[in-house]
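Worksheet for the structure shown next.
Chains here go by letter, A, B, C and D, matching the order in which they are written, and residues are numbered from 1 within each.
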Amino acid sequence: MSERIAEHPILGTQEKGKEVSFTYDGKQLKGYEGEPVAVALKAAGVMVHRYTAKRHEPRGIFCAIGRCTDCVMVVDGVPNVRTCITPLKEGMDVRTQAGCTAAESEDRP
Amino acid sequence: MKRYDLIIVGAGPAGLSAAIEAAKRGIKTVVFDENSRPGGQLFKQIHKFFGSKEHRAKIRGYVIGGQLLDEARKSGVEVILDATVIGLYQDREVVVKLGEAIHHFKGNAVIVATGASENMINFPGWTLPGVIGAGAAQTMLNLHGVLPGKRVLMLGSGNVGLVVSFQLMQCGCEVAAIVDAAPRVGGYGVHASKVARTGVPFYLSHTIVKAEGYDHVTGVTIAEVDEHFSFIPGTEKHFDVDTICLAVGLSPMSQLLKMAGCKMSDDPKKGGQVPICDTYGRTSLSGIFAAGDVSAIEEASSAMIEGRMAGVCAAEYLGYIDEEEEKKELAELDDALNGLRQGMFAPGNRGKAIEKTEEGIDISKNLLKNGFVAEDEIERYPGVTHREGIHPVIECTQNIPCNPCQDACRQGCISIGDKITSLPIVTKDSKCTGCGMCVASCSGQAIFLVNEDCGDGSATVTLPYEFLPLPEEGSKGIGLGRDGKKVCDAEVVSVRSLDVYDKTNLLTMRVPKEYAMKARFFRKA
Amino acid sequence: MNALSDRSRDIGPFVEKEGDDLLVCRCEEITKGEIRKAVHDGMWTITEIRRYLRAGMGLCQGQTCSKLVKGIVARELGISPAELEPATSRAPMRPIEMRVFAEESKEDHDEN
Amino acid sequence: MKTNAEVIIIGGGIIGCATAYYLAKRGAEVIVLECSDNIGNGGSSRNGGGVRQSGRDVRELPLVMYGIKHLWPGLSEELGVDCEYRQEGNLRLGKNEKHAQILQKLADNARKAGLDVRMIDGDEVRSINPYLSDEVTVASWCPTDGHANPLTTTLGYYKAARNLGVSFITGERVTALRTVGGRIRQVITEDTVYEGESVLVAAGLDSRPILDSVGIDIPMTKSLLECLVTEAEPQMFGQMLGTADADFYGHQTKHGSFVFGGSSGLERYNKDNGTPVTSSKTAPCICRGIIKYFPDLAKAKIVRTWAGFMDASSDGVPSIGKVDEIPGLYVACAFHGHGFGIAPGAAHQLAQLITTGSTDVDLQDLRYDRYKAVN
């Protein structure tokens, strides 16, 4: 449901790093090296980054600049990583977070 | 411990401007910024700035960012990125996270220019993925080239809400509505008008009832509010959207100054908790200065001047210039800042409902309520005149500090006069050549070239056009009124994209002559 | 002494209201109703609300909700939000891994 | 605003709030005066949350043991606020022979006072807490120790006391006490004179200048201690932890975050700019200490650090009880950085002392006038 901007009327075509592969909950996705993990996920149509601890509610990108900490996920095994300011690297393992750990499939409503 | 003469926190417009002022006087200056790109919000601002030449008017924000960065580097400023300042401790000690370690630095002086953070507002469903800050939309669009969504509802009609709505459309998103609980549009009328004429409806005195969706936004319901901001039952309106953007103001990000022990005050007029400081950014602590949004929410243009002021003060504090020179420099900067802090949106007018322009003309009520000037209102402004042949029509109806149009016309058709906030007028005996420089130079996209009667029953209207794809010559479509509704059929005569227009394309459309003063946007059939 | 000094001042009873289940602090998932109730439990300052409920004490440290919390507390107490002192600012300004915090650079960043 | 009551308490920390609560339960009319704008703004909200008997001086053991036996277990229910009390033991850790000797001495003394505390080796330590590194070779283990949330406990006492009619006045700095006819009577602030039949001074470090006005002195010095807290982590362990070296202490909270305190050695010399601000050196030092004991926590993120002044007493234990020379005057201060766990017991006994003149626990060793020259 989201896509990348091919050509911008003011900014033209934006320079991106090289294309890399990463996994999102085990699925192979592609993105560009150095762009925030959240952007690569957004481009792939991923909306839900985590489920909260108390109410088990979905959360995604909110501020996109590392303040609100809503977009945190488990990245390479480390929980609470702010994906909106974490640069994407080849082979990253990105997982939906539930509470403060990686979500199991039953955590998802 | 490593010591700098001057440590600046934040490489936005204020921080970089301060650094340039300091470094060009030989001060060893370092700027830390937590982001991987310098420039702060400038790099997300793709519209042309207001003001006059000295304020870098009609230059796009991201270009100004690049200019500042170049100047900083040339004057020997060390700009360190991905450098998160985690604390401002006693004795002006700045602790910075760099890579995988923390570093301790001392500054003989410290300028804090950390900017602002977005305010948020809560309603049922506000935590759903798809509800985002307007800043988030801007970051995704302009820094990372990804769409936040396809169909967006914008909450907030201040300049941020209006500008970001326009940016969303420039990237191909549809803006379903602009909603604001206030009864009047908060931002510049020209920003509202350029959005409204593309067909975006404004809902003033409305706010969000709830965001809808299961695990992300699929819709939103808004409703009208009364003067106590309570919902009026029966006024609910539903929109299918995938994104809700919140643009409800900014708060100074002043935590570092508070941690350092600066005296603070809570000032709603300045946007929240700010350090108590003098006009030039001197805080209650010796050697610690504040500049830009961190000390009061304003525009990036003012932040640049405030940054320079803080840089000058720091230079005097550090003994690089004497008091006399400081006084002289600050007086000049005072003038520049005062030039910006004028007009109906000046900081002193915040919250006031202004009814008349400085010229004594009634402000358009429709503009404040619906985002565009109504047909029966537009003729009363001095930029809107009728001439034979091609001539500029300047739909500038509010007093804002901005004058590039005056210099844009080589024929001297346009005059603002000495007072930068005055409404532009079309001079009497001027000879318009139709060059279009005025259209491209108007930061508010409020100038049109009109030939009201081409002699064959048609008229031509030239309008600023910053969307893709560009319509081709001869393509048929419709002319939209200021309200974004169809008024007539239209055909594209030409699309001019000169370098001097700086990416504002000039689209000329032919319309039946009775629509010369009505059609203000083109949409391809 | 200030407007909040006499903690016995009558602010009326706590009455449940529509919208009480609305989340305010996104990180710690604290609702408007919990905040309003805390005010009636005697928590009249932003600092006390934070300590009592953890509102604004989560991962983002109140960067998102502090103004909202202030507004609710002020309204409940019948005062202006500007009369409420915001929470103390403390390091680190952003979350920082312990291994990084522990690593104090010896060379204090050499220029290169 | 009320200015007269049976008891005036100076200090709205956990001691003041809890004593007010137990006094009100006994039917007494109480006013609490707090100089800060916030209730519980001193050590009460800045400590590491230990509810611990082991490692304490034997003179204060009876009071803390009384609290752990009679008060802590039902406290959340009694106050209607979750104090997050968790009684899963205290490990005091050591890495070498010197540590072993320190721990052994503390354990021996505590056992004499009737506390179940014993020495265990590194393997047994890791059977209790598998996350501890191999550097830990010895520990003392007290299974009846634990931890609680100092913020909600302090505010819980405040809330409960307020509900019982206690008057709390914040932002009210006491400048002097005054006796009338040989008895304590007046508590004087900048704008107001409060009157009570009894006055309890429980104002931490500020107790010293306040008591000065009636010629009483309790030797105390100031020391700036720091704590830090991590983001929430999955639940790992329930014990309270400390070390023989005192380089760190702390626990995992119910919320999942870890609260740790520690020392850099600079505590007594930190510059005081009027507010307790953290120094730039201490938190990194505490982090290094923690990582050595808990390598798994290296990637946990610190979200906040804070500091507080400890009211260090000259012999390491508090002054609690009646000031015999001035009828009606009571003190409870100089808790020396470990006043949280002992607070319910101390407050409960003070309330009993003020209302009945007697206590269940003998407070003789904690008298205000016990300080004698060493040579």
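To be clear about the criterion, contacts are C-beta pairs under 8 Å (C-beta built on N, C-alpha and C of every residue); 3 or more make two chains touch, one makes a residue touch a chain.
In this text, all values refer to a predicted model and were calculated from it rather than measured experimentally.
In this assembly, D is the chain whose CA centroid lies farthest from the centroid of subunit B.
In terms of C-beta pairs in contact, the better-connected of the chain pairs A-D and B-C is B-C. With centres computed from Cα atoms alone, the innermost chain of the structure is C. With centres taken as mean Cα positions, subunit D sits 44 Å from subunit A. Averaging C-alpha coordinates per chain places the centre of subunit B 31 Å away from that of subunit C. With centres taken as mean Cα positions, subunit B sits 29 Å from subunit A. For subunit A, residues touching at least two other chains, in rising order: 53, 57, 59, 62-63, 66-68, 70, 80.
Shared interface positions of subunit D, defined as residues touching 2 or more other chains, are 231-232, 278, 280, 284, 299, 301.
Among the residues of subunit C, those touching two or more other chains are numbered 23, 26, 58-59, 63-64, 85, 88, 90-92, 94-96, 99, 101, 103-104.
Across the complex, subunit A meets subunit D through its residues 53, 78-80, 99-101.
Here subunit A touches subunit B in the complex through residues 1-5, 7-11, 14, 16, 35-36, 39, 42-43, 47-49, 57-68, 70, 84, 87, 109, going by the rule given at the top. By the touch criterion stated above, subunit C contacts subunit B in their complex at residues 22-24, 26, 32, 63-65, 67-68, 81-82, 84-86, 88-94, 96, 99-101, 103-105, 108-109, 111. The part of subunit D that touches subunit A in the complex is made up of residues 231-234, 256, 299, 301.
Here subunit B touches subunit D in the complex through residues 87, 89-90, 93, 95, 102, 104, 259, 261, going by the rule given at the top.
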